[in-house]
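Below: a set of structures, written as structure tokens.
Both complexes below contain chain A, partnered by chain B and then by chain C.
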Partner chain A sequence: MKIELKNISKVIKKNNVLEDINYTFTGGCVYGLIGKNGCGKTMLMRLIAGLIYPTSGSVCINDKILGKDISFPDSIGILIENPEFLNDYTGFENLKLLAGLQKNVDEQEIKDTLTSVGLDYNDKRKFYKYSLGMRQRLGIAAAIMGKPEIILMDEPINAIDEDGVAIIRDLIRGLVDKNRIIIIACHDKEEMDYLADKKILMSSGKIVKEMIV
Partner chain B sequence: MRQILKLEIYKALRTKTFFISIGIGIIISVLQTNWFYNNFFVENYRLLEEYMNLTNDDPHYFNVWFETGVLQGWLGCEYASVYNELFFLIMPLLAVLPYGGALYMEWNKGYSAQILIRCDRKKYFTAKMIAVFVSGGIAISIPLIFNFIVSACYLPMIGVDPLSMQAIVANRDMWAVLYFDYPALYVLAYTILDFVFGGLMACMALVVTHFFDNVFAVMIFPLLVNCLLYYGLDTVDSATRKYNMSFIVNPSQGGGGNEILAVMTTVFMSIFITILLYFMANRKRDVIKER
Partner chain C sequence: MIHRFLFHDINEGLIRHAKRYVLVVIVVVITCSMIDSMSAYFMDYFGEYWSPIEYGINEFYGRYPFVFDINSTDKFTIPFGWVLIYLFLAYMIGDYIYKDMNGYGMYMMIKSKKRWYWWISKCLWCVAVNVFYFGLLWISNIAYSWMKHGDIAFYQESDLRMSYYGFGFDNMGMPKLLLVVIVMPLLVGIVQSILQITLTLIFNSVATMTIIAGILMLSCYYGSIYIPHSYAMLIRYFSNESDPDFVAVDAGTGIAVLGIGIVAMVVMGYMIFRKKNVISNR
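Let's turn to the complex of A and B:
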């Protein structure tokens, strides 16, 4: 598993949000994106997910160019910004609808995934009644459901209580596999030290430094 | 494709606004039936009773009485009350309400991203368009069918007698044979046509989704276009009526009679333009809105 970013730049409304980024992510480790607000962490994640197109340069996933050879990575789970689901459905129903689009996810796996993030799959509350923390957990469940090869999580422990943080932390570490790339952006330095194998410092849309934890 | 289409149609037909839209259509339908029953049907039978009691020295003795047919009471063809015009004027709103704003909401909230990473981009947009089309079509068809069934409960299934001078459709007009001889088929044919136009009006909201920063503007747009066509374009040039969607959709053919060729041309051109603009607008763009 390999993601190559080649001379990536992204301009939005005349602002360079990403500038000449070259980096290669390989499977088997957790990458932590760090940097100040607005430094381009989320934008980089969106770009890897295929949700936005680079103004110049290319994203190659296993040697396939994103936006040219493939529209989106073949196997990816994302949690970017606030997790959004359908308001009138329960957490289980929401995941079931999404799982319907993936061939490799059955009902039991949905239940297991919900349990693994600390949610009750029998909970009859609709999504709009979920607290922020529950929404975040459901977002994580959607990201890891089906065990995708690429997992992108932007602030995964946002709004999650202390017990929940420990669960999510262990869950993420448990997902590390040589065929899987996990990229996380997080403001909590302590968490990042625990979660990430490699930390990537970003500033003004550029990768400034790589640190091995 | 089947999975995403199933998901989109499932979502479209389960929204609250879908039921609200049908509810509004049904309310108009019930009000119209109530009005027609009291002001037309009952009145016509009172007239019959009056005629039956006439003696042959009365000047009205040889007057002819015509039975009110099902089409005269149907919302689509009943033109004496305000309800026909009201229904077809707000038709775009009823069509858009169920699912027309869905792409805007999903796109701006980021839910589209969850779908797109799991299925092909083209399939997502195609499925979304089909679901919006179907939901819009159903929202328009159900009140029309409901009204026809209610009308058929108290009115005979007969066409309008041309001699009665109460026929809104003329001999030369589109589907006149059905109107005069096979009323149920006329209703069916026009309901199908309105299903198509209802779907297209709903899709109009999809096309403009990316041009507005407000879901209200997206959903109101087809209604504004309809008003513009109905009041604006027709005032400027009434010769365009036979190609004017806002006149074509009305089964009473009150715009001076429809022509099958013009209707079909309008249908296919509308479908072509809608699909073209929709896919051009969504061909290659960032999923998350640039702020």
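Let's turn to the complex of A and C:
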């Protein structure tokens, strides 16, 4: 598994939100994106996910160009900030609907995934009754369901209580695999030190430094 | 795969907002009450009353293109009920696709790995909304007719129509009349809705609604076989004695124009969406 960012720039409303980024992500590693608010972390993740396209440059996933050869990476899970699900569905039902779009996910895996993030798959509460922390956990479950080869998580421990943080932390570390790339954006420096194998410092839309933890 | 998207869209974009559709009933009550009140004298005189189809004729009667003449005292008037029907349809479509694109629909797109599914499903959802919307409109016409007159007879004698409109539409024949009053407004609605969701990919929902309202006004003012909404106005299928330059539209041409319009907009919308940033940078 390999993600290559080649001369990536993204201009939005005349602002350079990403500027001439060249970087290669390889499997078996957790990458941590760090930097101030607005430095381009989230934008970079959206770009890798195929949700936005670069103004110039290209994103190659295993040598396939995103937006040209493929619309989205073949195997990806994403957690965006404030994940949105269907309000009138339970967590299990929400994931079941998404699992229906994937070939390799059965009901047992949905249950296992919910349990792994600390949610009860038998919980009959609808999504609109979920607390912020539960919503976040469901977002993580949606991202890791089906064991994707690329996992992108934007602020995964947002709104999660202390016990939950420990669960999520162990879960993320447990997902590390030589064929899997995990990229995390997180403000919590201490958490990032624990989670990431490599930290990528971003500033003003550029990658300024790579640090091996 | 596509059925899962469509199931989601119908659930979230139609059934969830079912209460909004009460507006259709309100429009029907207003337009039917208005024609009843304006034709009360003729109804008493002939002992006839409007049938559900004739209420539909009134709703989709429309108007001829306006001919500006400085020497004339004619003023440009808008067919209020007709415009409301299509404006409310635009409201039903609203900004659902924008919200879905930035919410659960985004997850669905990523999981399915295809943008095409999402877009086709939205186009099919537009068709579903239109079928439901116009279906409800006709059901409301029937219900109004039954409650007001205790009768839902298909079509009444033409004396009332003759006196009210000046002609009875009899030369059109029932199958064509049904085509023009039931099928064509539905097709026009589908064209409008797919245009609206395509515009939503580019502009925000307020700008899109403004454009749709502008198109409706222009359609009332101008006439052309290339203006889709012309085909949703019954009167434009008849020549105009006071305007020899006016060319009446034809249902066959209308089906071709609207069909091509639908296909063109589905393709054009996909071309735009294929290159669109899914998380908006508005």
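Points to keep in mind about this one:
To be clear about the criterion, the second predicted complex is superposed on the first by the 213 of 213 C-alpha atoms of A that agree within 3 Å, B and C clash if a C-alpha of one lies under 4 Å from a C-alpha of the other, contacts with A are read in each partner's own complex, and residues count from 1 in each chain.
Keep in mind that, in the parts below, a residue touches a chain if its C-beta (ideal position, glycine included) is under 8 Å from a C-beta of that chain, and two chains touch if they have at least 3 such contacts.
Since the structure is predicted, the reported quantities are computational estimates derived from the model, not experimental observations.
Under the clash rule set out above, the superposition-derived model of chain A with chain B and chain C contains a clash between the two partners. With both structures placed on the common chain, the touch criterion links A:Ala141 to neither chain B nor chain C.
By the touch criterion defined above, A:Ser71 reaches both chain B and chain C. By the touch criterion stated above, A:Leu101 is placed in contact with chain B and with chain C alike.
After overlaying the two complexes on the shared chain, residue contacts for A:Ala49 are found with chain B and with chain C alike.
In the superposition on chain A, A:Glu81 contacts chain B only, with no contact to chain C. In the superposition on chain A, A:Ile12 makes contact with both chain B and chain C. Counting contacts as defined above, chain A residues 12-13, 46, 49-53, 67, 71-73, 76, 78, 80, 84-86, 88, 97-98, 100-102, 142 meet chain B in one complex and chain C in the other.
Within the complex formed with chain A, the chain C residues making contact are 1, 4, 8, 11-12, 16, 102-104, 106-116, 274-275, 277-279, 281.
Those residues of chain A whose C-beta lies close enough to touch chain C in the complex are 12-13, 46, 49-53, 67, 70-74, 76, 78, 80, 84-86, 88, 94, 97-98, 100-102, 142, 146.
Residues 12-13, 46, 49-53, 67, 71-73, 76-78, 80-82, 84-86, 88, 97-98, 100-102, 142 of chain A are the ones that touch chain B when the two sit in their complex.
Taken in their complex, chain B has these residues touching chain A: 3-4, 6-7, 10-11, 14-16, 109-111, 113-121, 284-288, 290.
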